[in-house]
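Some structures to go through are shown next.
Common to both upcoming complexes is chain A, partnered first by chain B, then by chain C.
This part shows the complex of A and B:
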C-alpha cells in the first residue's frame, strides 16, 4: 500500500469467451503522473482502458482508486473520465453545452456552469466566442480541445485518453502533444494515455508501459525503454534498432557471427557479460553506429556494403548489408553525412557503453 | 459533357414529372375549388360562397375532426413508447435477428388492412374466438372490448406499427455508441442519456415516425368503422358520408381541405425542424 499510488491494478484478467485479452495485469500509477501505455493493435491496451473507465467488466482481479475498490462501480459513478479516440462530442450541442454537460448533470447553476466553461476555453486557448459555436464549425484540433475541456469540466481524479490524436495530421499532432504535456503540468492531474505511437509516448510521458499480447513487457521512463529494453519486442517497437545474436565465450565475452569485438575487458563494465554458452542479443541504436575510417577501431565492428540511403529531414539514414545478409541501420545528422557511394564496402563500429544486452534467446 | 448529361436527364424526366404533378395537383385543385362552392352543387360553375366552411362549425363537424386528431395523437404516443425499446433493440442489440423481425413486420403489410381488422373483430367480438372459447371452458363470458374509442386507438396502433418502428430504428441507429458511452462516462444515468443524447440525436427518426403515424391515423377510416363500430365518428367518416349519402361535394371538399391544411401544416413544421438528409443517409 503506497499512499502515492492513485490507481492500483491487481491481477486484472479479461476474457472474451475463450480468448484471454489481459493476463493478470499488475500496475501502480502515481498521483499526478503522465502514464502512457503503448502497444500494437490487438495488444489489449484498449481493453485495459475500457476496464479502467468502466465500459467493460473485468473477469478477475481488482482495481483500486486510492483506498476505494472501483472495479464493480459502473462508469457513470466512477470519478474518472476519458477522452475518446473519436472524441464523442455531442453534435447537437454547442461547444459551451458540450463543456457544461457534466456540470449540468450535477445540477450546477447556469451562471456557474458558464463561468467554468469560459475558464476552460481559456485554459485550452480557445477564444471565448467559441462558447456558442456548433461542433460542426470547429476544426479537428479545436474539437480535440473541446473534448479535453469537457473532460476537465468533469474534474476527474484521473483523465484517460484513448488515442485521441491518432486521426489528426502530423503537424497538428505534434502541436497537441506538447499542449497536452503542458496541460498536464498546469492542471497537476493524473493522465493515463493510450497510443500505438512510441513518438507520442516519448514526447509526453513520465513513464511508459509497453504492452504485448495482454501483458506488460516493460514499464519504465522513456530513456530506459529506449536505451535498455528488456526484450527484442520492446527494442524493435521503440524505433529503429540493430540487433546481433550472440553467445557467451568461455571467458564470458559476447560473440556472434559477423560481429568483431575488441572489448579488452570492458564487457563487464558495460553489463555485456554472458555466462559460457548463454544466448543474448546485443542492441545498438542507429545513431550510435559510426562509419569507421581505415585504421580506426571501436569496441564492436561489423563489415558490410552500403546498400541504400534515405533523407529523414534533419538526419540521413543508411542501410548496410553484412556478409551474413543482415541489414543494419545507421543514422547520421545531415552535417555528419557519410560520403561513401552505394555499393561501397564499409566498416561500422560502436562502443560498448552504447550497446545494451538483451538477455534470453 | 456533364452538363449535357444533366440536361438530357432533365428532359427525359419531364414527361413523367408532368404526369405526376398533374395527377397529384389536379385532384387537390378540384377539391379546393369545390370546397368554396355553394352547398350541394355538382358543378364548379357557381358563385363561390364558402358556405361549406361555415357548416363545419355550425353543424359540429369540428367534433369529428377533434376525435380524429385526438385518437391519432394518442395512437402516435402509444406507438412511440411501444416502439422505442423494440426499435432500440433492432438498431443496437439484436444484430442479425433484426432482419427476421423486419421481415415479420413487413409480412403483415401483405394482407389488406381491412381483412386484418376484421380478423380482430372475429377474435374480440362477443361469441368470437376469444370470448367464445373462454365462455365454453369456464361457463362465464364477458362483454366484448369492441366498439369504443380504446379499441379504435388499439386498431390505429396495430395498423400503423411499422410506420413508427422502422423510422425510429433508423433514427436510433444514427446515435453514435461512443456519445452514449461518453455521456455515461461523464456521469449521466440511463435516463439522462436517453434525454440528453438518444432523444435529440434520434430526433429525425422520431419526427418522421410520429408524423407518418399521426398523419395516417388522422385520416384513417377503417379502424373506427370496423373495430369502433362508429362509436365515435371521425372526420374521414364525415367526408365519406358527405360525398356519398349526403351528396354534398362542397361540404366533403371543405372538410377535406381543413384536414389537409392541418396535417400539411404539421408535416411542414416537423420536416423543417429535422435534417431529413441525415436519415436518408445522404451526406450534406
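This part shows the complex of A and C:
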C-alpha cells in the first residue's frame, strides 16, 4: 500500500470468450504522473483503458483508485474521464455546451457553468467567441482542445487518453503533444495515455509501459526504455536499432559472428558480461555507430558495404550490409555526414558504454 | 467538365417535359375542382368554388377527413415510437438475433399491399375482430412501421457509439443519455420517419380497402365514386387531400425550424 499511488491494478485479467486479452496486469500509477501505455494494435492497450474507465468489465482482478476499489463501479460513477480517439464531441451542441456538459449533469448553475467553460477556453488557448461555435465549425486541432476542455471541466481524478492525436497530421500532432505535456504540468493531474506511437510516448511521458500480447514487457522512464530495453521486442519497438546475437566466451566476454571486439576488460564495467555459453543480444542505437577511418579502432567493430543512404531531414541514415547479410543502420547529423559512395567497403565501430546487453535468447 | 450548349438545352427540355408530364394530371384535377360543370371539359366555361363550399358543409366529407386523419395520426405516432427503438436495435446495438431482425423487418415491405391487406382481413375474420378504422391502423402499421424504422436506422448508422460512452463516462445515466444525446441526434431521422408515416397512411388505398370495414378513408371514397356515381366532389376532395399532405409537411418544417431557433436562442442566453 503506497500512499502516493493513485491507481493500482492487481492481477487484472480480461477474457473475450476463449481469447485472453489481458494476462494478470499489475500496475501502479503515481499521483500526478504522465503515464503512457504503448503497444502495437492488438496488444490489449485499448482493452486495458476501457477497463480503467469502466466501459468493459474485468474477468478477474482488482482496480484501486487511492483507497477505493472501483472495478465494480459503473463508468458514470467513477471520478475519472477519458478523451476518446474519435473525441466524441456532441455534434448537436455548441463548443460551450460540450464543455459544460459534465457540469450540467452535476446541476451547476448556468452562470457558474459558463464561467468555468470560458476559463477552460482560456486555459486551452481558444478564443472566447468559440463558446457559441458549432463543433462542425472547428478545425481538427480546435476539436482536440474542446475535447480536453470538456474532460477538464469534469475535473477527473485521472484523465485517460485513447490515442486522441492519431488522426491528425504530423505538424499539428507535434504541437499538441507539447501542449498536452504543458497542460499536464499546469494542471498537476494524473494523465494516463495510450498510443501506438513511440515518439508521442517519448515526448510527453514521465513513465512508459510497453505492452505486448496482453502483458507489460517493460515499465520505465523513456531513457531507460530507449537505452536499456529488456527484450528485442522493446528495442525494436522503440525505433531503429542494431542487434547482434552473441554468446559468452570462457572468459565471459560477448562474442558473435562478424562482431570484432577489443574490449580489454571493459565488458564488465559496461555490464556486457555473459556466463560461458550464455546467449544474449547486443543492442546499439544507430546514432552511436561511427564510420571508422583506417587505423582507428573502437570497442566493437563490424565490416560491411555501404548499400544505401537516406536523408531524414536533420539526419542522414545509412544502411550497411555485413558479410553475414545483416543490414545495419547508422545515423549521422547532416553536418557530420559520411562521404562515401554506395558499394564502398566501410568499417563501423561503437563503444562498450553505448552498447546494451539484452539477456536471454 | 462543362457540358456543351446543345447538351444543356437538351437537358433543359428533358427536365421541362418530365415536370409537365408529372404534374399536368395533378393540375387538371385542380382545374376540374373549380369548374362549375358537373363533368370535366376543356376549356372550362365557368369557374366556381361551389364544390368546395359543398364539400366543407358535407357530413360525409367531414367523416372521411376525420377517419383518414385519425388513422394517419395514430399510425404516425406509433410508427415513430417503434422506429426509434427498432432503429437502435437495427443499427446501434449488437445482440443475438440482430441479423434475423434486420431481415424479418423487411418482409412486410416486400409483400404486395393488396396481398397484405387481404391476408390481414382474413386474419381479422379468423380471430373474430370486426374491421373498422382501428383494424386499418393495425394494417397500416404492419407496412409503415418497418419503413419508418429503416429511415431512422439510416440515421442511427452514422451515430458514433463513443458519443453515448462519453456521456456515460462524464456521469450521465441511461435516461439522461437518451434525452441529451440519442434523441436529439436521431431527431432529423425521426421527423422524416414521421412525415413518411403520415403521408403513406394518408394516401394509402390498398390496405385501407381491405381493412376499414364499414368506415371509409378519403382514398377509398375517391375510388368508390370513380367506379360508380362520379361527383364533382371527387376532384375537389382530391385537391383537399393533396393540400392536407402539403400542410402537414409545412407544419413539420416550421416546427423543426422553430425548435432549432429556440435551441439556438437558449444557447445564447445561458
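We adopt the following convention: the second predicted complex is superposed on the first by the 361 of 361 C-alpha atoms of A that agree within 3 Å, B and C clash if a C-alpha of one lies under 4 Å from a C-alpha of the other, contacts with A are read in each partner's own complex, and residues count from 1 in each chain.
One rule holds in what follows: contacts are C-beta pairs under 8 Å (C-beta built on N, C-alpha and C of every residue); 3 or more make two chains touch, one makes a residue touch a chain.
Keep in mind that what you see is a predicted model, and the values were worked out from it rather than measured.
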Fit or clash between chain C and chain B when superposed on chain A = clash
When the two structures are overlaid on chain A, which partner does A:207 contact: first (chain B), second (chain C), both, or neither?
-> neither
Which of the two partners, first being chain B and second being chain C, lies in contact with A:96: first, second, both, or neither?
-> second
Between chain B (first) and chain C (second), which, if any, makes contact with A:114: first, second, both or neither?
-> second
Check whether chain B or chain C contacts more residues of chain A in the superposed model.
-> C
Which partner does A:196 contact after superposing on A: first (chain B), second (chain C), both, neither?
-> neither
Using the touch definition from the top, say if A:132 reaches chain B (first), chain C (second), both or neither.
-> second
Could you look at A:14 and tell me whether it touches chain B, chain C, both or neither (first, second, both, neither)?
-> neither
The shared contact residues of chain A with chain B and chain C are 53-55, 74-77, 80-82, 84, 86, 88, 90-92, 101-102, 105-106, 150, 154
Give every residue of chain B touching chain A within the complex, in rising order.
-> 176, 178-179, 181-189, 192, 196-197, 200-201, 203
Interfacial residue positions of chain A with respect to chain B in the complex = 53-55, 74-77, 80-82, 84, 86, 88-92, 101-102, 105-106, 150-151, 154
Residue numbers on chain A that touch chain C, as the complex places them = 53-55, 74-78, 80-82, 84-86, 88, 90-92, 94, 96-97, 101-102, 105-106, 110, 113-114, 132, 150, 154
If you look only at chain C, which of its residues touch chain A in the complex?
-> 160, 162-163, 165-173, 176, 180-181, 184-185, 267-268, 270
